[in-house]
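Below, subunit A partners subunit B and then partners subunit C, in two separate complexes.
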Partner chain A sequence: MSQKYSLSVSSQFERLAEIADFVADAACACGLNEDQVCDAQMAVDEACTNVIEHAYRGKPDGTIHIVCERRGKEFLVTIQDFGARFDPNKVQPPKTGDPLSKRRIGGLGLFFMRKLMDRVEFDFSSGPGNRLTMAKKIKR
Partner chain B sequence: MALKISLKEYKRVDLLAVDGRIDSSTAPQLDKALQKIIDAGRFRIVVDLSDAAFMSSAGLRALLSALKQVRRFNRGDLRLAGVSPKVKKAFELAGLLVVFQVFDNSVDAVGSF
Partner chain C sequence: MEPEIRIIAPQGRLDAAGAQPLEVELKQRIAAGETRLIVDFQETRYIGSNGLRVLLAALKQAQEQGGALKLCGLIARLKEIFVMAGFDRVFEIFETREDAEKSFRN
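What follows is the complex of A and B.
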(Lines of atoms letter the chains of each structure in order from A and count residues from 1; the text may use other names and numbers.)
(Lines give C-alpha, C1' and ligand atoms only; values in the text may rest on other atoms or scores of the structure.)
Protein backbone atom coordinates (compact mmCIF):
# COMPACT_ATOMS: atom_id res chain seq x y z
CA MET A 1 0.00 0.00 0.00
CA SER A 2 1.34 3.42 -0.92
CA GLN A 3 2.18 5.98 1.71
CA LYS A 4 -0.11 8.99 1.97
CA TYR A 5 0.98 12.48 2.97
CA SER A 6 -1.71 14.71 4.38
CA LEU A 7 -2.04 18.31 5.52
CA SER A 8 -5.00 20.25 6.85
CA VAL A 9 -4.81 24.04 6.85
CA SER A 10 -7.17 26.95 7.35
CA SER A 11 -8.44 28.84 4.30
CA GLN A 12 -5.93 31.69 4.40
CA PHE A 13 -3.56 32.89 1.69
CA GLU A 14 -0.86 33.09 4.37
CA ARG A 15 -0.85 29.28 4.43
CA LEU A 16 0.11 28.94 0.74
CA ALA A 17 3.85 28.85 1.44
CA GLU A 18 3.38 26.03 3.93
CA ILE A 19 1.22 24.15 1.41
CA ALA A 20 3.93 24.58 -1.25
CA ASP A 21 6.59 23.15 1.08
CA PHE A 22 4.35 20.21 1.95
CA VAL A 23 3.65 19.45 -1.73
CA ALA A 24 7.36 19.68 -2.61
CA ASP A 25 8.31 17.21 0.13
CA ALA A 26 5.52 14.77 -0.80
CA ALA A 27 6.16 15.03 -4.55
CA CYS A 28 9.89 14.39 -4.04
CA ALA A 29 9.15 11.39 -1.82
CA CYS A 30 6.78 10.03 -4.49
CA GLY A 31 9.48 10.24 -7.16
CA LEU A 32 8.67 13.33 -9.22
CA ASN A 33 11.68 15.06 -10.77
CA GLU A 34 12.54 18.68 -9.99
CA ASP A 35 10.56 20.21 -12.87
CA GLN A 36 7.54 18.08 -12.05
CA VAL A 37 7.72 19.08 -8.38
CA CYS A 38 7.56 22.74 -9.46
CA ASP A 39 4.57 21.99 -11.71
CA ALA A 40 2.73 20.24 -8.87
CA GLN A 41 3.52 23.11 -6.48
CA MET A 42 2.14 25.68 -8.90
CA ALA A 43 -0.99 23.65 -9.68
CA VAL A 44 -1.76 23.12 -5.98
CA ASP A 45 -1.13 26.81 -5.23
CA GLU A 46 -3.67 27.78 -7.90
CA ALA A 47 -6.16 25.17 -6.69
CA CYS A 48 -5.93 26.29 -3.06
CA THR A 49 -6.19 29.95 -4.10
CA ASN A 50 -9.43 29.07 -5.89
CA VAL A 51 -10.71 27.27 -2.78
CA ILE A 52 -9.98 30.30 -0.57
CA GLU A 53 -11.37 32.83 -3.07
CA HIS A 54 -14.38 30.96 -4.43
CA ALA A 55 -15.35 28.05 -2.16
CA TYR A 56 -14.80 29.96 1.11
CA ARG A 57 -15.20 33.45 -0.44
CA GLY A 58 -12.27 34.77 1.57
CA LYS A 59 -13.49 33.51 4.94
CA PRO A 60 -10.42 32.41 6.90
CA ASP A 61 -12.00 29.71 9.08
CA GLY A 62 -12.62 27.08 6.42
CA THR A 63 -10.58 23.89 6.17
CA ILE A 64 -8.52 22.71 3.23
CA HIS A 65 -7.48 19.09 3.40
CA ILE A 66 -4.72 17.99 1.06
CA VAL A 67 -3.58 14.40 0.48
CA CYS A 68 -0.65 13.42 -1.73
CA GLU A 69 0.22 9.88 -2.72
CA ARG A 70 1.87 7.78 -5.37
CA ARG A 71 -0.47 5.40 -7.12
CA GLY A 72 1.26 3.24 -9.71
CA LYS A 73 3.07 5.58 -12.07
CA GLU A 74 1.10 8.64 -11.00
CA PHE A 75 1.45 11.29 -8.33
CA LEU A 76 -2.01 12.13 -7.02
CA VAL A 77 -3.06 15.22 -5.10
CA THR A 78 -6.55 15.40 -3.62
CA ILE A 79 -7.83 18.70 -2.28
CA GLN A 80 -11.03 18.67 -0.25
CA ASP A 81 -12.88 21.71 0.99
CA PHE A 82 -16.26 22.20 2.66
CA GLY A 83 -17.22 25.49 1.07
CA ALA A 84 -19.51 26.53 -1.79
CA ARG A 85 -19.66 24.32 -4.87
CA PHE A 86 -17.34 25.36 -7.66
CA ASP A 87 -18.44 24.66 -11.21
CA PRO A 88 -15.32 24.44 -13.39
CA ASN A 89 -17.44 24.48 -16.54
CA LYS A 90 -18.47 28.07 -15.81
CA VAL A 91 -14.87 29.28 -15.94
CA GLN A 92 -13.96 30.79 -19.30
CA PRO A 93 -10.46 29.78 -20.40
CA PRO A 94 -8.15 32.78 -20.81
CA LYS A 95 -7.20 33.86 -24.32
CA THR A 96 -3.45 33.63 -23.94
CA GLY A 97 -2.82 34.66 -27.54
CA ASP A 98 -4.69 37.96 -27.35
CA PRO A 99 -2.83 41.29 -27.56
CA LEU A 100 -2.27 43.20 -24.31
CA SER A 101 -5.24 45.53 -24.77
CA LYS A 102 -7.63 42.56 -24.90
CA ARG A 103 -6.09 40.50 -22.12
CA ARG A 104 -8.44 39.80 -19.25
CA ILE A 105 -6.72 40.09 -15.89
CA GLY A 106 -7.50 36.83 -14.11
CA GLY A 107 -9.01 33.46 -14.93
CA LEU A 108 -5.64 31.77 -15.16
CA GLY A 109 -5.84 29.46 -12.13
CA LEU A 110 -7.83 26.57 -13.59
CA PHE A 111 -6.04 26.97 -16.91
CA PHE A 112 -2.67 26.59 -15.14
CA MET A 113 -3.86 23.51 -13.25
CA ARG A 114 -4.93 21.83 -16.49
CA LYS A 115 -1.69 22.73 -18.26
CA LEU A 116 0.60 21.66 -15.42
CA MET A 117 -1.06 18.38 -14.47
CA ASP A 118 -2.01 15.39 -16.62
CA ARG A 119 -5.46 15.04 -15.14
CA VAL A 120 -7.74 17.44 -13.23
CA GLU A 121 -11.05 16.08 -11.94
CA PHE A 122 -13.72 17.63 -9.75
CA ASP A 123 -15.99 15.34 -7.77
CA PHE A 124 -19.09 16.69 -6.07
CA SER A 125 -20.64 13.36 -5.11
CA SER A 126 -18.81 12.80 -1.84
CA GLY A 127 -20.54 15.12 0.62
CA PRO A 128 -20.39 18.88 0.95
CA GLY A 129 -17.83 21.12 -0.72
CA ASN A 130 -15.47 20.28 -3.54
CA ARG A 131 -13.12 17.40 -4.01
CA LEU A 132 -10.44 17.99 -6.61
CA THR A 133 -8.03 15.30 -7.75
CA MET A 134 -5.02 16.16 -9.88
CA ALA A 135 -2.61 13.60 -11.28
CA LYS A 136 0.86 13.84 -12.76
CA LYS A 137 2.66 10.99 -14.48
CA ILE A 138 5.93 10.25 -12.77
CA LYS A 139 8.91 10.64 -15.12
CA ARG A 140 12.37 9.70 -14.03
CA MET B 1 5.94 35.04 4.55
CA ALA B 2 6.16 38.66 3.46
CA LEU B 3 7.76 39.63 0.22
CA LYS B 4 10.90 41.76 0.43
CA ILE B 5 10.57 44.59 -2.00
CA SER B 6 13.24 47.22 -2.53
CA LEU B 7 13.01 50.25 -4.75
CA LYS B 8 15.77 52.22 -6.42
CA GLU B 9 14.77 55.40 -8.15
CA TYR B 10 16.99 56.33 -11.05
CA LYS B 11 16.55 59.53 -13.03
CA ARG B 12 14.51 57.89 -15.76
CA VAL B 13 13.63 54.48 -14.35
CA ASP B 14 12.38 52.86 -11.16
CA LEU B 15 13.94 49.51 -10.29
CA LEU B 16 11.84 47.28 -8.08
CA ALA B 17 13.59 44.17 -6.75
CA VAL B 18 11.44 41.39 -5.38
CA ASP B 19 12.69 38.72 -3.00
CA GLY B 20 10.49 35.76 -1.99
CA ARG B 21 7.37 33.92 -3.11
CA ILE B 22 4.83 35.82 -5.19
CA ASP B 23 1.52 34.11 -4.52
CA SER B 24 -1.99 35.24 -3.57
CA SER B 25 -0.74 36.11 -0.10
CA THR B 26 2.07 38.39 -1.24
CA ALA B 27 0.91 39.62 -4.68
CA PRO B 28 -1.05 42.53 -3.09
CA GLN B 29 2.30 43.84 -1.74
CA LEU B 30 3.75 43.81 -5.25
CA ASP B 31 0.59 45.40 -6.61
CA LYS B 32 0.77 48.16 -4.00
CA ALA B 33 4.45 48.87 -4.65
CA LEU B 34 3.87 49.13 -8.41
CA GLN B 35 0.79 51.28 -7.93
CA LYS B 36 2.74 53.68 -5.71
CA ILE B 37 5.30 54.22 -8.48
CA ILE B 38 2.59 54.74 -11.10
CA ASP B 39 0.62 57.09 -8.85
CA ALA B 40 3.77 59.18 -8.47
CA GLY B 41 3.70 59.72 -12.23
CA ARG B 42 6.60 57.42 -12.99
CA PHE B 43 5.94 55.03 -15.84
CA ARG B 44 9.30 53.43 -16.65
CA ILE B 45 9.67 50.45 -14.36
CA VAL B 46 11.99 47.45 -14.17
CA VAL B 47 10.96 44.55 -11.96
CA ASP B 48 13.96 42.45 -10.98
CA LEU B 49 12.79 38.90 -10.32
CA SER B 50 16.25 37.35 -9.70
CA ASP B 51 15.28 36.51 -6.12
CA ALA B 52 11.66 35.62 -6.77
CA ALA B 53 11.38 31.97 -5.78
CA PHE B 54 7.88 31.40 -7.10
CA MET B 55 5.29 33.15 -9.25
CA SER B 56 1.61 32.28 -9.30
CA SER B 57 -1.11 33.71 -11.51
CA ALA B 58 -1.82 36.27 -8.75
CA GLY B 59 1.67 37.72 -9.30
CA LEU B 60 1.16 37.75 -13.06
CA ARG B 61 -2.09 39.66 -12.56
CA ALA B 62 -0.29 42.37 -10.56
CA LEU B 63 2.41 42.74 -13.23
CA LEU B 64 -0.09 42.70 -16.11
CA SER B 65 -2.26 45.31 -14.44
CA ALA B 66 0.77 47.61 -13.98
CA LEU B 67 1.96 46.96 -17.53
CA LYS B 68 -1.39 48.03 -18.95
CA GLN B 69 -1.29 51.24 -16.94
CA VAL B 70 2.27 52.29 -17.82
CA ARG B 71 1.88 51.56 -21.54
CA ARG B 72 -1.24 53.71 -21.75
CA PHE B 73 -0.66 56.74 -24.02
CA ASN B 74 2.81 55.28 -24.80
CA ARG B 75 4.05 56.91 -21.61
CA GLY B 76 6.25 54.09 -20.43
CA ASP B 77 6.87 50.39 -20.03
CA LEU B 78 7.38 47.71 -17.41
CA ARG B 79 10.31 45.44 -18.18
CA LEU B 80 11.47 42.32 -16.39
CA ALA B 81 14.93 41.21 -15.35
CA GLY B 82 16.47 38.03 -13.96
CA VAL B 83 13.57 35.70 -14.65
CA SER B 84 14.52 32.19 -13.49
CA PRO B 85 13.37 29.16 -15.54
CA LYS B 86 10.88 28.29 -12.80
CA VAL B 87 9.28 31.74 -12.84
CA LYS B 88 9.53 31.93 -16.63
CA LYS B 89 7.25 28.92 -16.89
CA ALA B 90 4.36 30.88 -15.37
CA PHE B 91 4.83 33.63 -17.96
CA GLU B 92 5.06 31.05 -20.74
CA LEU B 93 1.89 29.24 -19.68
CA ALA B 94 -0.03 32.51 -19.57
CA GLY B 95 1.33 33.55 -22.98
CA LEU B 96 2.93 36.62 -21.41
CA LEU B 97 6.50 36.22 -22.66
CA VAL B 98 5.48 37.96 -25.87
CA VAL B 99 3.88 40.80 -23.89
CA PHE B 100 6.72 41.66 -21.49
CA GLN B 101 10.24 42.62 -22.52
CA VAL B 102 12.58 40.36 -20.55
CA PHE B 103 16.27 41.01 -19.85
CA ASP B 104 18.96 38.80 -18.33
CA ASN B 105 19.74 41.26 -15.55
CA SER B 106 18.60 44.55 -14.08
CA VAL B 107 21.54 46.54 -15.53
CA ASP B 108 20.50 45.62 -19.07
CA ALA B 109 16.84 46.23 -18.30
CA VAL B 110 17.45 49.68 -16.78
CA GLY B 111 19.80 50.53 -19.65
CA SER B 112 17.16 49.59 -22.22
CA PHE B 113 15.08 52.69 -21.42
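What follows is the complex of A and C.
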Protein backbone atom coordinates (compact mmCIF):
# COMPACT_ATOMS: atom_id res chain seq x y z
CA MET A 1 0.00 0.00 0.00
CA SER A 2 1.43 3.33 -0.95
CA GLN A 3 1.10 6.18 1.47
CA LYS A 4 -0.17 9.53 0.27
CA TYR A 5 1.06 12.85 1.57
CA SER A 6 -1.25 15.79 1.14
CA LEU A 7 -1.21 19.51 1.80
CA SER A 8 -3.78 22.25 1.16
CA VAL A 9 -2.61 25.85 1.17
CA SER A 10 -3.98 29.24 0.18
CA SER A 11 -2.77 30.84 -3.05
CA GLN A 12 -0.07 33.10 -1.58
CA PHE A 13 3.61 33.34 -2.46
CA GLU A 14 4.32 33.37 1.28
CA ARG A 15 3.20 29.72 1.42
CA LEU A 16 5.83 28.53 -1.10
CA ALA A 17 8.46 27.83 1.57
CA GLU A 18 6.01 25.61 3.46
CA ILE A 19 5.18 23.80 0.19
CA ALA A 20 8.90 23.25 -0.47
CA ASP A 21 9.38 21.70 2.99
CA PHE A 22 6.34 19.48 2.51
CA VAL A 23 7.58 18.24 -0.89
CA ALA A 24 11.08 17.59 0.47
CA ASP A 25 9.71 15.44 3.31
CA ALA A 26 7.34 13.51 1.02
CA ALA A 27 9.92 13.00 -1.75
CA CYS A 28 12.46 11.78 0.77
CA ALA A 29 9.96 9.36 2.34
CA CYS A 30 9.09 8.06 -1.14
CA GLY A 31 12.74 7.23 -1.81
CA LEU A 32 14.08 10.01 -4.04
CA ASN A 33 17.77 10.79 -3.58
CA GLU A 34 18.99 14.22 -2.50
CA ASP A 35 19.39 15.69 -6.01
CA GLN A 36 16.01 14.32 -7.06
CA VAL A 37 14.37 15.82 -3.98
CA CYS A 38 15.72 19.25 -5.05
CA ASP A 39 14.42 18.67 -8.59
CA ALA A 40 10.93 17.77 -7.36
CA GLN A 41 10.93 20.69 -4.92
CA MET A 42 11.75 23.18 -7.67
CA ALA A 43 9.25 21.71 -10.14
CA VAL A 44 6.46 22.00 -7.53
CA ASP A 45 7.59 25.52 -6.57
CA GLU A 46 7.35 26.60 -10.22
CA ALA A 47 3.99 24.87 -10.69
CA CYS A 48 2.48 26.50 -7.58
CA THR A 49 3.92 29.91 -8.58
CA ASN A 50 2.12 29.52 -11.92
CA VAL A 51 -1.11 28.58 -10.12
CA ILE A 52 -0.93 31.70 -7.91
CA GLU A 53 0.06 34.02 -10.78
CA HIS A 54 -2.07 32.66 -13.61
CA ALA A 55 -4.90 30.44 -12.31
CA TYR A 56 -5.72 32.70 -9.33
CA ARG A 57 -4.22 35.88 -10.86
CA GLY A 58 -2.66 36.89 -7.57
CA LYS A 59 -5.86 36.51 -5.51
CA PRO A 60 -4.81 35.15 -2.11
CA ASP A 61 -8.00 33.22 -1.22
CA GLY A 62 -7.71 30.35 -3.71
CA THR A 63 -6.86 26.81 -2.66
CA ILE A 64 -3.96 24.71 -3.89
CA HIS A 65 -4.18 21.04 -3.10
CA ILE A 66 -0.99 18.98 -3.40
CA VAL A 67 -0.73 15.20 -3.14
CA CYS A 68 2.54 13.27 -3.27
CA GLU A 69 2.88 9.50 -3.45
CA ARG A 70 5.07 6.69 -4.62
CA ARG A 71 3.55 4.56 -7.35
CA GLY A 72 5.77 1.69 -8.43
CA LYS A 73 9.10 3.17 -9.37
CA GLU A 74 7.77 6.71 -9.71
CA PHE A 75 7.28 9.65 -7.41
CA LEU A 76 4.01 11.34 -8.34
CA VAL A 77 2.88 14.86 -7.46
CA THR A 78 -0.62 16.06 -8.24
CA ILE A 79 -1.45 19.74 -7.94
CA GLN A 80 -5.10 20.77 -8.10
CA ASP A 81 -6.41 24.31 -8.21
CA PHE A 82 -9.86 25.80 -8.79
CA GLY A 83 -8.85 28.91 -10.69
CA ALA A 84 -8.79 29.92 -14.36
CA ARG A 85 -7.75 27.35 -16.95
CA PHE A 86 -4.08 27.41 -17.82
CA ASP A 87 -3.14 26.34 -21.32
CA PRO A 88 0.49 25.20 -21.29
CA ASN A 89 0.55 25.14 -25.09
CA LYS A 90 0.22 28.93 -25.15
CA VAL A 91 3.46 29.35 -23.22
CA GLN A 92 6.42 29.88 -25.51
CA PRO A 93 9.52 28.03 -24.29
CA PRO A 94 12.46 30.31 -23.48
CA LYS A 95 15.40 30.31 -25.86
CA THR A 96 18.10 29.45 -23.36
CA GLY A 97 20.87 29.92 -25.92
CA ASP A 98 19.92 33.49 -26.82
CA PRO A 99 22.17 36.42 -25.89
CA LEU A 100 20.95 38.93 -23.29
CA SER A 101 19.60 41.40 -25.82
CA LYS A 102 17.23 38.76 -27.19
CA ARG A 103 16.28 36.90 -23.99
CA ARG A 104 12.61 37.28 -23.18
CA ILE A 105 11.67 37.52 -19.54
CA GLY A 106 9.22 34.65 -19.03
CA GLY A 107 8.30 31.07 -19.84
CA LEU A 108 10.92 29.73 -17.48
CA GLY A 109 8.60 28.10 -14.94
CA LEU A 110 7.17 25.52 -17.31
CA PHE A 111 10.61 25.03 -18.86
CA PHE A 112 12.04 24.02 -15.45
CA MET A 113 9.09 21.74 -14.66
CA ARG A 114 9.61 19.82 -17.90
CA LYS A 115 13.38 19.75 -17.48
CA LEU A 116 13.34 18.52 -13.87
CA MET A 117 10.55 15.92 -14.04
CA ASP A 118 10.12 12.91 -16.32
CA ARG A 119 6.44 13.62 -17.04
CA VAL A 120 4.35 16.79 -16.81
CA GLU A 121 0.67 16.38 -17.68
CA PHE A 122 -2.20 18.85 -17.46
CA ASP A 123 -5.71 17.47 -17.14
CA PHE A 124 -8.70 19.76 -17.55
CA SER A 125 -11.38 17.07 -17.73
CA SER A 126 -12.01 16.68 -14.01
CA GLY A 127 -14.16 19.64 -13.04
CA PRO A 128 -13.13 23.28 -12.58
CA GLY A 129 -9.55 24.52 -12.42
CA ASN A 130 -6.37 22.75 -13.38
CA ARG A 131 -5.05 19.37 -12.38
CA LEU A 132 -1.36 18.89 -12.99
CA THR A 133 0.45 15.59 -12.53
CA MET A 134 4.23 15.39 -12.53
CA ALA A 135 6.27 12.21 -12.21
CA LYS A 136 9.89 11.45 -11.50
CA LYS A 137 11.52 8.03 -11.78
CA ILE A 138 13.01 6.99 -8.47
CA LYS A 139 16.77 6.38 -8.65
CA ARG A 140 18.73 5.28 -5.66
CA MET B 1 36.72 58.77 -8.88
CA GLU B 2 35.27 55.38 -9.79
CA PRO B 3 31.65 54.93 -8.71
CA GLU B 4 31.08 52.66 -5.76
CA ILE B 5 30.46 48.92 -6.14
CA ARG B 6 27.28 47.90 -4.34
CA ILE B 7 27.00 44.39 -2.92
CA ILE B 8 23.63 42.79 -2.32
CA ALA B 9 23.48 39.48 -0.42
CA PRO B 10 20.00 37.91 -0.45
CA GLN B 11 19.29 35.33 2.22
CA GLY B 12 17.33 32.09 2.17
CA ARG B 13 14.94 31.34 -0.66
CA LEU B 14 14.56 33.42 -3.82
CA ASP B 15 11.19 31.94 -4.71
CA ALA B 16 8.36 34.21 -5.87
CA ALA B 17 8.03 35.63 -2.33
CA GLY B 18 11.77 36.04 -1.71
CA ALA B 19 12.36 37.60 -5.14
CA GLN B 20 10.09 40.56 -4.36
CA PRO B 21 12.33 42.38 -1.85
CA LEU B 22 15.34 41.70 -4.11
CA GLU B 23 13.49 43.24 -7.06
CA VAL B 24 12.62 46.34 -5.03
CA GLU B 25 16.20 46.76 -3.82
CA LEU B 26 17.77 46.29 -7.27
CA LYS B 27 15.31 48.72 -8.88
CA GLN B 28 15.94 51.34 -6.20
CA ARG B 29 19.72 51.00 -6.48
CA ILE B 30 19.70 51.27 -10.26
CA ALA B 31 17.27 54.22 -10.18
CA ALA B 32 19.66 55.95 -7.75
CA GLY B 33 22.48 55.53 -10.27
CA GLU B 34 24.18 52.62 -8.50
CA THR B 35 24.80 50.47 -11.53
CA ARG B 36 27.96 48.61 -10.50
CA LEU B 37 26.29 45.76 -8.67
CA ILE B 38 27.33 42.41 -7.25
CA VAL B 39 24.76 39.91 -6.03
CA ASP B 40 26.46 37.56 -3.56
CA PHE B 41 24.54 34.28 -3.22
CA GLN B 42 26.55 32.89 -0.32
CA GLU B 43 23.48 32.83 1.89
CA THR B 44 20.94 31.91 -0.80
CA ARG B 45 19.73 28.31 -0.76
CA TYR B 46 17.30 28.40 -3.65
CA ILE B 47 16.39 30.43 -6.72
CA GLY B 48 13.29 29.91 -8.87
CA SER B 49 12.22 31.42 -12.16
CA ASN B 50 10.91 34.62 -10.51
CA GLY B 51 14.31 35.22 -8.92
CA LEU B 52 16.02 34.62 -12.26
CA ARG B 53 13.66 37.05 -14.00
CA VAL B 54 14.42 39.74 -11.43
CA LEU B 55 18.17 39.32 -12.05
CA LEU B 56 17.77 39.36 -15.82
CA ALA B 57 15.68 42.56 -15.73
CA ALA B 58 18.19 44.22 -13.38
CA LEU B 59 21.13 43.20 -15.58
CA LYS B 60 19.46 44.78 -18.61
CA GLN B 61 18.71 47.98 -16.71
CA ALA B 62 22.21 48.23 -15.28
CA GLN B 63 23.80 47.68 -18.68
CA GLU B 64 21.54 50.25 -20.33
CA GLN B 65 23.01 52.77 -17.91
CA GLY B 66 26.56 51.72 -18.64
CA GLY B 67 26.92 49.56 -15.54
CA ALA B 68 26.99 45.83 -14.83
CA LEU B 69 25.49 43.24 -12.51
CA LYS B 70 27.81 40.40 -11.55
CA LEU B 71 27.16 37.30 -9.48
CA CYS B 72 29.23 35.34 -6.98
CA GLY B 73 29.09 32.77 -4.19
CA LEU B 74 26.67 30.34 -5.84
CA ILE B 75 26.33 26.90 -4.23
CA ALA B 76 26.50 23.95 -6.67
CA ARG B 77 22.73 23.56 -6.89
CA LEU B 78 22.23 27.23 -7.78
CA LYS B 79 24.94 27.00 -10.43
CA GLU B 80 23.09 24.05 -11.99
CA ILE B 81 19.90 26.10 -12.17
CA PHE B 82 21.75 28.99 -13.85
CA VAL B 83 23.28 26.60 -16.39
CA MET B 84 19.92 24.93 -17.09
CA ALA B 85 18.36 28.32 -17.87
CA GLY B 86 21.36 29.37 -19.99
CA PHE B 87 22.00 32.23 -17.53
CA ASP B 88 25.67 31.25 -17.22
CA ARG B 89 26.09 32.67 -20.72
CA VAL B 90 24.30 35.90 -19.88
CA PHE B 91 25.83 36.69 -16.46
CA GLU B 92 29.41 37.05 -15.33
CA ILE B 93 29.65 34.54 -12.46
CA PHE B 94 32.57 34.53 -9.99
CA GLU B 95 33.54 32.16 -7.20
CA THR B 96 34.10 34.85 -4.57
CA ARG B 97 33.04 38.41 -3.85
CA GLU B 98 36.67 39.50 -4.11
CA ASP B 99 36.95 38.05 -7.64
CA ALA B 100 33.78 39.88 -8.67
CA GLU B 101 35.05 43.16 -7.17
CA LYS B 102 38.41 42.78 -8.91
CA SER B 103 36.70 42.32 -12.27
CA PHE B 104 35.09 45.75 -11.88
CA ARG B 105 38.48 47.35 -11.30
CA ASN B 106 40.26 45.67 -14.22
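Here, the second predicted complex is superposed on the first by the 140 of 140 C-alpha atoms of A that agree within 3 Å, B and C clash if a C-alpha of one lies under 4 Å from a C-alpha of the other, contacts with A are read in each partner's own complex, and residues count from 1 in each chain.
One rule holds for everything that comes next: a contact is a pair of C-beta atoms (placed from the backbone, for glycine too) under 8 Å apart; a residue touches a chain by one contact, two chains touch by 3 or more.
Here the structure is a predicted model, which is why all the values come from computation and not from measurement.
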Exercise for the section: Sticking to the clash and touch definitions up top, decide whether subunit B and subunit C on subunit A clash or fit. Expected result: clash
Handout entry: Partner chain(s) touched by A:P88 [first = subunit B, second = subunit C, both, neither]
Key = neither
Exercise for the section: Have a look at where A:T49 lands relative to subunit B and subunit C in the superposition and call it first, second, both or neither. Expected result: both
Practice task
Name the contact category of A:E14: first (subunit B only), second (subunit C only), both, or neither.
Solution key: both
Fill in the blank from the handout: The intersection of the subunit A residues contacting subunit B with those contacting subunit C is 13-14, 16-17, 20, 38, 41-42, 45-46, 49, 52-53, 94, 96-97, 100, 103, 105-106, 108-109, 111-112, 115
Handout entry: subunit A to subunit B touching residues, read off their complex
Key = 12-14, 16-17, 20, 38-39, 41-42, 45-46, 49, 52-53, 94, 96-97, 100-101, 103, 105-106, 108-109, 111-112, 115-116
Exercise for the section: Could you please specify the touching residues of subunit B with respect to subunit A in the complex? Expected result: 1, 21, 23-25, 54, 56-58, 60-61, 64-65, 67-68, 71, 86, 89-90, 93-96, 99
Completion exercise
The subunit C residues in contact with subunit A across the complex are 13, 15-17, 20, 46, 48-50, 52-53, 56-57, 59-60, 63, 77, 81, 84-86, 89-90
Practice task
Going by the contact rule at the top, pick out the subunit A residues touching subunit C in the complex.
Solution key: 13-14, 16-17, 20, 38, 41-42, 45-46, 49, 52-53, 94-100, 103, 105-106, 108-109, 111-112, 115
